[in-house]
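The following blocks contain the structures, represented as structure tokens.
There are two complexes below, and they share subunit A, which is joined by subunit B in the first and by subunit C in the second.
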Partner chain A sequence: MQLTSLNLNYAAIAPESIVSVAAVVIMLVDAFSKKGARKINAGITLVSLVLALIAVFGLNSAGRGSYFSGMIVVDPIRVFFSVTILIVSIAVTLLASQFLRDEALPPGEFFALILFATAGMLLLAGAGDLVTVFLGLEIASITTYVMAGYRRYDTRASESSLKYFLLGSFATAFLLYGMSLVYGATATTNLTAINQAIAEGKVQFPALLMIGAALMLVGFGFKIASAPFHLWTPDVYEGAPTIVTGFMGTAPKVAVFAAFLHTFAEGFNAGGPLGSQLHHVWVTAVAIIAALTMTIGNIVALSQKNIKRMLAYSSIAHAGYALVGFVTSEAAPVGFYLLVYSLMSVGAFAVIQLLARAGDQKVEAADYAGIGFQTPALSFSLAIFLFSLAGIPPTAGFMSKFFIFKSAWDGAPTLRWLVVVAVINSIISVYYYLYPIVVMFFRPLAPGFVKPRVSTMTAVALALALIGTLYLGILPNRVMSSIGRSGTANTALVQPASK
Partner chain B sequence: MNLITITTFLPLIGAILLLLLSLRDSGDQKAANNLYRYATLAITLVTFLVSLVILARYDSSNAAAQLVQKNPWIGSLGVYYHVGIDGLSIWLVILTTFLMPIAVLASWHVTKRVREYMLFMLILETGMIGVFVSLDMFLFYLFFEITLIPMYFLIGVWGGERRIYAAIKFFVYTVVGSLLMLVAIIAIYFYNGGTTFDIVEITNNIQTGKTLIPGNVQVWLWLAFALAFCIKVPLFPFHTWLPDAHVEAPTAGSIILAGVLLKMGTYGLMRFNLPFFPSVSQKAAPWMMGLAVIGIIYGALVAMVQPDMKKLVAYSSVSHLGFVVLGIFAFTDQGMQGALYQMLAHGISTGALFLGVGIIYDRRHTRQIADFGGISTPMPQYSTLFLIVALSSLGLPLLNGFIGEFLILLGTFASPVPHAKMFAVLAALGVILSAVYLLWMIQRVFFGEITKKENAELKDMDGREVLAMVPLVVLAIVMGVKPMTFLRGSEKTVTLVKEYVIGKPAKVAENHQDK
Partner chain C sequence: MVPLSWYLALSAVLFTIGVAGVLIQRNAIVLFMCIELMLNSVNLTLVAFSRFLGDVTGQLFVFIVMVVAAAEAAVGLAIIIALFRTRETLNVDEADLLKL
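Let's turn to the complex of A and B:
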């Protein structure tokens, strides 16, 4: 009887299970096989990720629900964000194969780490309870710390890893402390129950709830690298191997945004006087954070000459744009934005990885001089990704920004200034996104340029990102509606009272 | 298939074909380049021919959009793929398709990355046609932005010495304007109920009072649209990107830039600002006219002192586009018809002027007026054609420039806008000044003694150059002699737009009585 009330449903955790099992298998294969099981490991990783993708689509038909006594939820947010995470993981796996060979790094652990990280992120996206949020977050974080330092002999990578670890733990502490205060106030860790408790006014110490929510906001803010909690990002991103940068700049953010939506846009989006007060406070806070994040990210990116560092700041700015969509608590624009951002960002980092050569030697803008017509396929791909990041149509970057701006303009009439700030930021960002294009195509060729070799797997990953970026820019309808159908959390409560 | 859709996407399909063609090219770079050139020329010519079919099917007695195609595109937003043609756009589409083959001919000597060059030209053509035929704000914005990227590359890769500066300046200026326009588009979308971006529908809703936008919001939205378009025009004081872009762009880039891209700004003013915000447009009219007149005189004065021929022509564009804006905000039939006519005339004449400057630049690799003198002796054909083109640009009767400027001045003088008579008088001064700078340039370049030894040996135009120049000259004369052929096409729609702003004539009379 007790067991049935737990509502066990192993299908609901199938994606996470598949990925975790595959990770263990890879570790075993790596231990028992001779050197150079790179291809086998890559194959296992890919197969398990694709299986997990299928399992996620299987969740979709299962409908909404919460399982394992509310620890795990199945809803459109989880499905859509999980798909995004898995797409990124698949792309990174495809890219990793060439990276590991070119740099002669041990292949086994890398793939296992990707899979563990993916499992953690999937769990995070499906968390219906503060405990699972924490669990998923830690699994994902710790593996990414290791990945950042995967190039052990490189001091920059080690520095990056250590910095990431220290500041990440700091952020986790904030989050955990916030969670404990929320638990103290509402006597539950289940997000639905928290929502009910707030709505019904069953909160013991309202102040405790507020402080708890604020601390959690700080924690999440750290993880998605929003200002003023973004300071760790540039160093970590610059030091880590480029492909890892591409990975940690996208997938973990997507996962954290999913948890962020579940906790704030759903959990802390309750009725009642306390609920609306809390909602008002956090929405205002998020709006301010969004404005700060965009502005700081873009302005600092303007002066960067190192492409990786520039993209690091730009990824800060992009978290800001996604937060603009967050203020309405609508999941669809945010989810679409993050999917698009992941595609173009991974694509851009993939090209940069190829051009940078082993050990990330060539990542200064000057190294890109004149290569435009030497490797037309790569540089035009990079140009398209950059145009997309800048939000120039007909790329997906434009479409996703459009959805965000539209949703914020419509859903939060008091926060329309935020849309104006976001647009002004887009204008600023055009300048620095154009810079690599200028250097690549308009400058004379720099000496010492060697055409990079592109493996089949890398080419597939690039083509995936490119097609996605253009397809979602021209025909966003199908994908957008797949999340939009029921992706809105508590629509009735979300709409701020109009004047 | 819809004719307009075919015309719009034919160049893009051509670009894809060109890309496929190049996959099989062998080692012979010269033959391959020639293949790209001829293929692009063929594509642009076919596009031109198809656009002539549109012209033949176009019914000038109907003010509404014609040959319409409307398909749902992004359902969740209410975005449609909606294209069509009316009096405002018909001639601009023809102008675009007409100038493209000429621009391709003008780029025959480009040897650097011919395939990519031609690709960008073709993508640019799709973008430009798309801007003029879009009847959905979202689609319009998309095409408006798409034109940026190929032009950016054309200037940046194939441009002159300071091309990087010019390309970035061009891009950033335009993006600033267009992103603010995007906010305005979103705002209008929501004021209209948040279901459609359809230009026709929104215009109707606003005109019939079904959609009401608060007065102060209207002002902001008007400004957002106007800024985007005034940068594109460019209206004084937003013109500073233009001379840089023109001077650094390759000849074909300048032809397209002056001939078509600038018109996207004036077209936008007529398509959006006037019908969407009639009362704000009326209030803003004296200001816009004032800026236009400043632009006319300032542009002419600056052109006068330019030592560089291309820069001279660029500043003359600032001056001539000032006339167009003046005519648009006159709110009279003559003024607005004149503005449209001037857009076409400017496209033809200035395109030809840039072509002429390019021809001489190819020979001498300089554009400084001081480096020339007396070249009419070695180059009689060239000098004759250039002279005709210059005369058409400065508004000599029986040539195209005269009709446009005359109608604009007439329309401005009769305009209900305050101070319009004064503006007309001042603008007339610009006509005189344009004669001064163009004729002075002609005199210094073509006539007199041959002062430089190099100039004595200059070859006259070759067949390709004649082929590019003559259609422009012929059209300049035809437009000057038979203006009604062209004016009739835009008449009905222009009257409609005018009525959107100041109401139907009967209504105007009532308003006067009320006062």
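Let's turn to the complex of A and C:
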């Protein structure tokens, strides 16, 4: 292959490059500074993430295309999901500073891990080839395994890390086996070429393509914690440090959803008899998984007394709502949903982190009794995030659910039952989201309550999440249309990217 | 020449042994080895397809899988050691502090 046909374009991987270089720099700074330069490392992390954000907006103006012989794509899905990932990473970095100081944990590696994970997730969001999907997914996963066990003298953290590692690698093997079968069936790993091969009837082994797609669905299902592949989620989320839970419950999911959209809603959304058969099968499978995921997530969340565990089940339920958007293969509602979910979820976990104190001691609902007016800023923020998670207007949670349900209702008339299930589930979920609010404001104060200290950076992160949650709830149109601006019409996505 | 289907059958069998091992075994190290077995059965599939199709992508993919598996082994063994230090057991059934 000639070098020119590779279509090298370093601007297309600028965000990933910036973040990876910064991660290496932090490891060096950490090695050469005497006493863990927490503030310097936090500063480098923030600057690099903001620069990456600027680079992503630069991609947006460059227009769509595919580079590095189709390994990397630039399209609206990548741009929007990358922005979401970076916003989460920035918020988590702001929160991490106080967390690392309060718990006296080594600061250098943590920021480096955040950056490496972000680089992997950005790569995953921009992957145009099964090879880059795998590589991005593994970079993101392996770093989050370490982050889950960051408090390594805590038995719960190491247990959570081990469970995450074993089940995550198990899921990766399924995904990888699926990829190898898809490669064998279509003779290519490029998503656009896979789409063309299916549409033009060039698939040698249709049965292998079907099995491969099914195995990939299992692999992605594990990674986004959808039922029946969700069993690892509550344990891992409960055992990990709260801030890490906030991170791994949002950003990796957003990235995997981007790859999921790229592979299924684009790659496996081809014409031709085999293409339509495959499309019908996976849409039906995703619809069933979505219904199961939100029902199981919400019903089990009802009986949880541990706030972190409750939010873990709630995150399972939210993955189910986001999957509803897949039945129409429209990227915009899913992207908007995940942005909103990330903001409110990171916000909620930030407050829980502050109230839980060092070592995550106070995470039971009983620990929240009566604190509402003791620390009003935190409790009112938590209340807004929980209202938003429940989908009560005028918060963003309502608008995001509205867009996704409307798109599914209009776009897939045969799957309207799914929207009905989703709405019933949203109503059920109100109970367990409101329960902590009731406990906070209408119960007598728990003895021994001390107001948590809130550092400036934590306050900035909380304010960011709060403003985002309210802004997107009241004025969602601008952000919504920014996903659609570059032409996210369903058909435009399937066109081969311009060279 | 050995036909493609034999390779595919062998790798499917290896993959199934790996899955069965993960579901049955209780020692963290053995679980990890079973996952490695699954990854290597995928490598066999990729190489077999690559040879059959006369396309080099599959072999390149194998290299990336091997690199990732090595990174995963480094992190995985470190996590297993961290767990062993806090609990002094490798049995995953005894890692039950977090319950459903």
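Basically, the second predicted complex is superposed on the first by the 485 of 499 C-alpha atoms of A that agree within 3 Å, B and C clash if a C-alpha of one lies under 4 Å from a C-alpha of the other, contacts with A are read in each partner's own complex, and residues count from 1 in each chain.
As a working rule, contacts are C-beta pairs under 8 Å (C-beta built on N, C-alpha and C of every residue); 3 or more make two chains touch, one makes a residue touch a chain.
These numbers were taken from a predicted model, which means no experiment stands behind them.
Of the two partner chains placed by superposition, only subunit B is touched by A:V438; subunit C is not.
Once chain A of one complex is fitted onto chain A of the other, the partner contacts of A:P394 are limited to subunit B, with no touch recorded for subunit C.
In the superposed model, A:G239 lies in contact with subunit C only, and not with subunit B. When both complexes are overlaid on chain A, the residue A:F80 reaches neither subunit B nor subunit C. Here subunit B and subunit C are compared by how many residues of subunit A each touches, and C touches more.
With both structures placed on the common chain, the touch criterion links A:F222 to neither subunit B nor subunit C. After overlaying the two complexes on the shared chain, residue contacts for A:F111 are found with neither subunit B nor subunit C. Legend: residue contacts after superposition of the two complexes on their common chain; A:G184 is shown touching subunit C, with no touch to subunit B. Overlap of the subunit B and subunit C interfaces on subunit A comprises no residues. Contact residues on subunit C toward subunit A in their complex (touch as defined above): 8, 15, 18, 22, 28, 31-32, 35, 38-39, 41-42, 45-46, 48-49, 52-53, 55, 57-58, 60-61, 64-65, 68, 71-72, 75-76, 78-80, 82-83, 85-87, 92, 95, 97-100.
By the touch criterion given at the top, residues 73-77, 113, 116, 141-142, 145-146, 148-149, 152-153, 156-157, 163-164, 167-168, 171-172, 175-176, 179-180, 182-183, 186-187, 189-190, 194 of subunit B touch subunit A in their complex. Against subunit B, the residues of subunit A that register as touching in their complex are 372-373, 376, 387, 392-394, 398, 402, 405-406, 409-410, 419-420, 423, 426-427, 430-431, 434, 438, 441-443, 475-477, 480-481, 484. Touching subunit C in their complex are the following residues of subunit A: 130-131, 134-135, 138, 142, 145-146, 149, 152-156, 158-163, 165-166, 169-170, 172-173, 176-177, 179-181, 183-184, 187-189, 231, 234-235, 238-239.
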